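Have a look at these structures, which come just after this line.
You will see chain A twice below: alongside chain B first, and alongside chain C after that.
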Partner chain A sequence: MTTQLPPGISLEKVDDRIMTLNVGPQHPGSGHMRLIIKVDGDYIVSCDPDPGYVHRGEEKMAEYRNYIQNIPHLERPVIHDSSNILYPYCLAVEDLLGIEVPERAKYIRVIAAELNRCIYTLYWLAIYGIFLGHSTMFMWPAGDRELFIDLLEAMSGARVTHAYLVPGGIRNDLPANFEERCLRQVNYFEKRIKEYEAIFYQNPILKSRTEGTGILSRTDAIRLGTTGSVLRASGIDFDIRKKEPYDVYENLDFETVVMKEGDSYARSYVPYLEMFESCRIIRDALSKMPKSGSVRTKLKPNPKGGNEEVFKRVESGRGALGYYIVSNNRPEPYRVKISVGSFRNLICMPYLLKGELLGNMPSVYWSLNYWPVEADR
Partner chain B sequence: MSSAGGIIRALNSGVKHLAIRRFTLRYPEQKLKFVGDGFQFNPETGVGIAGLRGRHILYHEHCTGCQLCAVACEGIAEAISMVKVNETWKQNKKAIMPQIDYGKCVFCGLCVDACPFYALYMTNDYELSSFTKSALIYTPAQLAIKPKISQDVEIKIDDRGATHG
Partner chain C sequence: MSTIAPQFRLSRFIASLFDIIFWVLLIFSLVGLPIVFIILFYIKLPIINGQLMTPYLALTWIADPSQTVPIIKSLIHTTFFHVVAFPGFGFAALLSAATIYVERKFLAKIQLRVGPLYCGRIEGILQLMGDGLKLISKEIIIPAKADKPIFWIGPLLFVGTAGAFVSLIPVAPGWVVANPTVSLLAVFATIGFFPIISVLTAWAANNKWTFIGGLRALHQMIAFEIPLILSLLSVVILTGTLNLSQIVQSQQHYWWIVFAPISAIVFFICILAELERIPFDLPEAESEIVAGWLTEFSGMMYGLIQLGTYLKLYAFAGLFTVLFLGGWNGPMVWPPLSPELITHGITIGPVNVQIAGLPLFSQPMLNGTLMFVIKTVGVILLILLPRGVFPRIRIDMLLHTGWYKLIGLAFVNIFIALGLLYAGVLGPGGLIQ
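What follows is the complex of A and B.
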C-alpha cells in the first residue's frame, strides 16, 4: 500500500535496531530544548538538537522601544549573566550616539561584568554537578554564588537582572566601603573555590566520566565556529578581552586559560580556572580605578542614532556575545541582532555526541556551556 | 590504587565541612542588611545612589503629576498608571499621582531615574506577596507609607569560613 504524502513531508526508513529518543523539551536535564537522539543499544548514532522552545522575540521587541527602555528586557535571556549581555548593547549604543564614558564607570563596568561571569560560572557548575549526580557540587557553588550576588546587590540594588549598565556608564556609583568589602569577599572566594579541586575536578569518578568523552579537535573547533570556553578547551588562545579589548581590559593584568584536550573535562575545567582570572581582574580593577569622579554621562531625553550600523562584541560566560544595531534617525533602533555564544556552540552537539554512550550525553551536553534561553533569544 | 586515593581525598574535603560554620541564611528569622535606604536618584547629576530596588516610596509633597514615571514604564512593564487623588497640592494642579501594580513591576528602577522632582524613590521593602492580585496594586496613599523593616544580618568571613551571622 502506498500512501500519498503531502508535499514537503517524507517518511524516514528506520532500522529495527535504532530507537529514537526525545530528550526534552520538558526533561529536567535538557533545559528548554529537545535533543532528538537515535540510539543503537547504548550508543548514540545521531543527535539532532532542536532549539526554539523559549523564543521570546527579543530582537523584534527591541525595535519598538527606545535605547533606554530596551535595557530591562534585553537582559532577560540570561538573567544570571545580565551585566555581560547588556555590555555589548551599551558599547554599541554609545558608539551610535557618540557618548563618552567616564573612566571610573569603565572600571566599575568591568568589575560588574567579572562578578557576573563568576555568578554565571558557579550556576553552570552547580548544574553540571547535579547532571553528573554529584549533589555536593550542586550545593557548594550555589552557596558560594551568594557571596557575589550580595556584592552585586550592594552595587546595583538587585540580586539578578541588575539593569546596572546603561549607555553612558552605570546607573549609580559604588556604595561606601564597597572596595574593602569586595576585596575581602573575593579573597575568601578564591580560597574557597580551591576546595572544588579535590572534591570535583581531581575526583577519579568525575574524571572517568568526562575524560576522553566528546572530543572536539582543534580544527573542528575552528571549522564549526565555536566560541568561548569550548574554543579555549580545544587549544585555541582566543579571548575577546585580550584580542579586541573593550573598555579598560587592556590595562588589566590577566591571562587566557587554554587547554589542549578538547574533551568534556577540559571544557568543564576552563570556566573554573577562569574564575581565578576573574578574581585577578577584579582585584586589579579595584586598585587601578580612579577613586572619585563621574560615573554616568547624561543623555538627552529620547536620544536618536544617526543612519548608522554598529557591531560590538564582548566575552561573556558562554563565549562571544555581540550586538549588531542598525539605526535610522529615530529614537528606536531599526534592527537589533543579538549574536550569542550559546547558539554558536550548539552546532557541535551532533558531532560530539555521535558514537558516545547515552550515559555520557549529559556531561557532553552541559560542558558546551549552552544556555537554551539565550540561544533562542 | 591512585583512584582510591583520589576518592578518599574527595571524601575528606567534604567531611572537613562538618566542622565549618553554616553559610545558609535562616530567612524569615534573619534578614540581610542592605546598603542605604533603597535606590535613589539625583536628577541634577543624573547619577543614582546605591541601594536595594524594593518597593517604591512616593513623596506627595514633591509629585507634580508630570507622568514621566508612567512614560518611562511604558514598554518595560506598564506597571504605573496615573490616578486621581483626593487631596490637593500646590504643585500638582491635575491631582494625579502614580499607582504601581507590583504584579507587573520588574523593579528595574528606571521610573526613579525618570523623576525630575525627587518624588519617587525605592525602599528596602521586598516582601510584597499577597493572596489576591488586587492587593498588589499600590495606591498613591499606600506608596507614601515608609516601610517598617528590620534587616541586620551581614556576611561574616573568618578562618572558619563565611557565615550569615
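What follows is the complex of A and C.
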C-alpha cells in the first residue's frame, strides 16, 4: 500500500537497529526543549537539539517599549540571573544616552551581579544533582541559595526578579547595615559551599559518571564558538570581567578559573570554583565601595537615543551575554538583539553526545550550562 | 484559609445528618434485617464450649476476655493467620509502611528538610495513608496499544512474588509461613521471577522508555543475581544446611558476619541492586528514561508496584538478618508473664477475671521477634542511607561491578569458609562450637 504524501514531506527511513527517542519537551530530564536522540543499543548515534518551546519574543517586545519600560521584561529569560541579564542592557543604554554612572552605584551593581551569579550557579548545580540522580545535591544548593536571595531581597525588595539595575545606576540605595550583613552571609555561604567539595565533587560515583564524558577539546571549543564556563573548562583563559572589564571589575581582585580537561566534571567544577571568586569580589567591593553618595543619575523623561548602534557584553553565569541595540532618534529602540551564552553552548551538544552512552546524556547536557528559557528568549 | 465552607449553616448540617440516619435505619430494618435472618436460617451455627454460637453470644464473648482468649489462641496457630497476619503479609506490610515513613523523614533530615509534616498532626505520620488513598482514587490509565492482560497482571505478579519471598523469612522460632527443607533455594527461585516480571510489563506497555527500563532491569538483576547466590554459598558451606530456620539456629553463639564479612558486604551491595535503589536505580532513572519500566503505570497499579518493592525490601533485609546477623538470636530482654496472673487471674476492684491459656505468645517467640525486628530495621536503615549520599551509577560501570568485581569478591569468602571448615575451626567437632 502506498500513500500519496503531500509535496514537501518525506518519510524518514527507519533502521531496525536504531531507535529514535524524543527526549522532551515533557520529559523530566530535558528542560523546555526537545532532544531527538537516535540510539544504537545504549550508544547515542546522533543527537539533534530542538529548542524554541519557550520563545517569548523578548527582542520584538523591546521595540515597542521605551528604554525604562524595557527593564522588567528583559530580565524574564533568566530570572535566576536577573542582574546579569540586565547588566549589558544598562551599559548599552548608558552609552547610547551618554549617562555617567555614580561610583557607588558601580560597586553596588557589581555586588548585585556577583550575588546573582552565585544564585544562578547554585540553582544550576541543584538541577545537575537531579540529573545525576542525587537528591541531596538538589536540596542543599537550593537551600543555600536562600542566603543570597535574602540579601538581594533586602537590596531590591524582590526575591527573584529584582529589576535592580537601571540605566544610570541602580534603582535604590542599600539598606542600613547592609555591609555587615552581607559580609556575614558571604562568609557563612563560603563555609557552606566548602562542604560540597567533600560530599559532591569528591564522590567516587559522581566522578566516575562525569570524568572523561563529553570531552570538548580546546580547538573544538574555539571552533564551535562556546563561551563561559564551557570555554574555561576546556583550558581557555577567557573571562570578559578580566579581558574587557566593565564598571569597576578592573579595580577588584579575583582570578579566572581555568581547567584543562574539558569533560563534564571540569564543566561542572569551574562554576563551583567561580563561586569562591564571586565571594572574593563581593568582599573586595564592599571594602573599596564609597560609603555614601548618589546611586542613580536621573534621566530625562522618555529619553531618546541618537542615530547610532551599541554593543555591550558582560560575563553572565552562562558566559558572554551581549546586547546589540540600534536606535533611530526615538524613545524606543529600533532593534534589540540579545546574544546569550546558553544558545552558543547548545551548538556543541550534537558533537559531545555522539558516541556517548544514553546514561551520559543528562550529565553532558546539563554540564553545558544551558538555560532553555534564555536560549529561546 | 478557612476549612468551613462560606455557605455553611450548622442547623442544615444537623438536619442533613438526621436525614441520613433516618434513611439508613429505614433501609437497614426493611432490607438488612430480613437478609440477616435469611442467612442465619441456612447457616449451621457452631457449638463452642457446649453453647450454640448465636450472634448474640458471639457479641458477648467479644466483651468477655476469658471467652475470647482461647478462640484467639486457636486462631493464631492456623495457616490463615500465618499467611495473612503475623509472620506473613500483614507484618511485612506494616514494617514496609513504617519503612516508607522513616525513609522520608530520614532522607529529609540528611537534606536539611522537614519531610512530611501536616498529615496526621504529629510529624506527618498519616502521610502514607493519604498517599495510599490518593493512589486508590486515581484513574488507572492503560495505554491504547498495550498488551492489556499482561499489563494488568504485572503489578499483581510483582506483589505476589514479593509476598512469596516474604513467606520464606523466619521471624521467630517456629514462626515462618513456609518452611521447606531447602528454603534458601526457594528464595533464589523467587528472586529469579522479578526480572521476568519487569521485562514482561515493560514489553506489554509498548513504550520506548519502559522498553529501555525493562532491558536495564533485566541486565542489572541477572548481573547481580550470580554474586548474590555465590555470596550466600559461604554461609551454606559453614552451616551445611539450606533451611533458613536451621541457619538461624546455628548462629546461637556467633553470627556468620564474623566469619563471612566479605560475603555480607557483597550480599548487601547485591541487595541494593536487586531492589533498584540508589545508586543502582538505573531501571527507574528519572532524568534518562522518565520512570523506566514503571512509566506507564498509574493509580493503584503503581501503588501495588511500590508495595511490592517495599515488601521486597523488607524481605531482603530480613534475609540479611537471618543469614548474617543471627536472626531471632539475642539476649532475653522480654519480661516473662507472671505466673500469678495465670493462676489467680486479674483482679480489678471487685471483679476477678480468670483467663484460660493466657500466654498468647511464648516468651522466646516475643523476644525473638523483637530481636529480629531491631536487626531488620537496622539493615533497612543501612539500605536507605545511600539514597542521601550517592548519585546514580552508569550502566557500564554497573555491569562491570556485578560481573567482574563482586563475583571475584564472593569467591574469596567461599575459600575462607572452606579453609575454616577443613582447618577444623568451625563445623562438626571444630574448635568453636
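Points to keep in mind about this one:
Everything that follows uses one rule, which is that the second predicted complex is superposed on the first by the 367 of 377 C-alpha atoms of A that agree within 3 Å, B and C clash if a C-alpha of one lies under 4 Å from a C-alpha of the other, contacts with A are read in each partner's own complex, and residues count from 1 in each chain.
Simple rule for what comes next: a residue touches a chain if its C-beta (ideal position, glycine included) is under 8 Å from a C-beta of that chain, and two chains touch if they have at least 3 such contacts.
Small disclaimer: the values here were computed from a predicted structure and weren't measured.
Placing chain B and chain C on a common chain A by superposition gives a fit, with no clash between them. With both structures placed on the common chain, the touch criterion links A:198 to chain B but leaves chain C unconnected. Of the two partner chains, chain B and chain C are each touched by A:136.
In the superposed pair of complexes, A:19 makes contact with chain C only, with no contact to chain B.
When both complexes are overlaid on chain A, the residue A:342 reaches neither chain B nor chain C. Of the two partner chains, chain B is the only one touched by A:146; chain C is not.
More residues of chain A lie in contact with B than with the other chain of the pair chain B and chain C.
In the superposition on chain A, contact is made by A:42 with chain C only, not with chain B.
After overlaying the two complexes on the shared chain, residue contacts for A:268 are found with neither chain B nor chain C. Between the Cα centres of chain B and chain C, as seen from that of chain A, there is an angle of 80°, stated in steps of 10. Once the two complexes are laid over each other on the shared chain, residue contacts for A:188 go to chain B alone; chain C is not touched. After overlaying the two complexes on the shared chain, residue contacts for A:359 are found with chain C alone; chain B is out of touch.
Of all Cα pairs linking chain B with chain C in the superposition, the shortest spans 6 Å. Taken together, the two complexes place residues 136, 143, 199, 203, 205, 208 of chain A in contact with chain B and also with chain C. Against chain C, in their complex, chain A makes its touches with residues 19, 21, 27-29, 42, 129-140, 143, 199, 203, 205-206, 208-209, 357-362.
On chain B, the positions that touch chain A within their shared complex are 2-3, 6-7, 9-10, 12-14, 23-25, 32, 34-36, 38-39, 41, 45-53, 72, 74-77, 106-110, 113, 122, 155, 157, 161-162. Across the complex, chain B is touched by residues 64-66, 68-69, 71-73, 136, 143, 146-147, 150, 153-158, 161, 163, 171-176, 184-185, 188, 192, 195, 198-200, 202-205, 207-208, 294-296, 298 of chain A. For chain C in complex with chain A, the touching residues are 107, 110-113, 208, 212, 278-279, 281-282, 285-290, 387-397.
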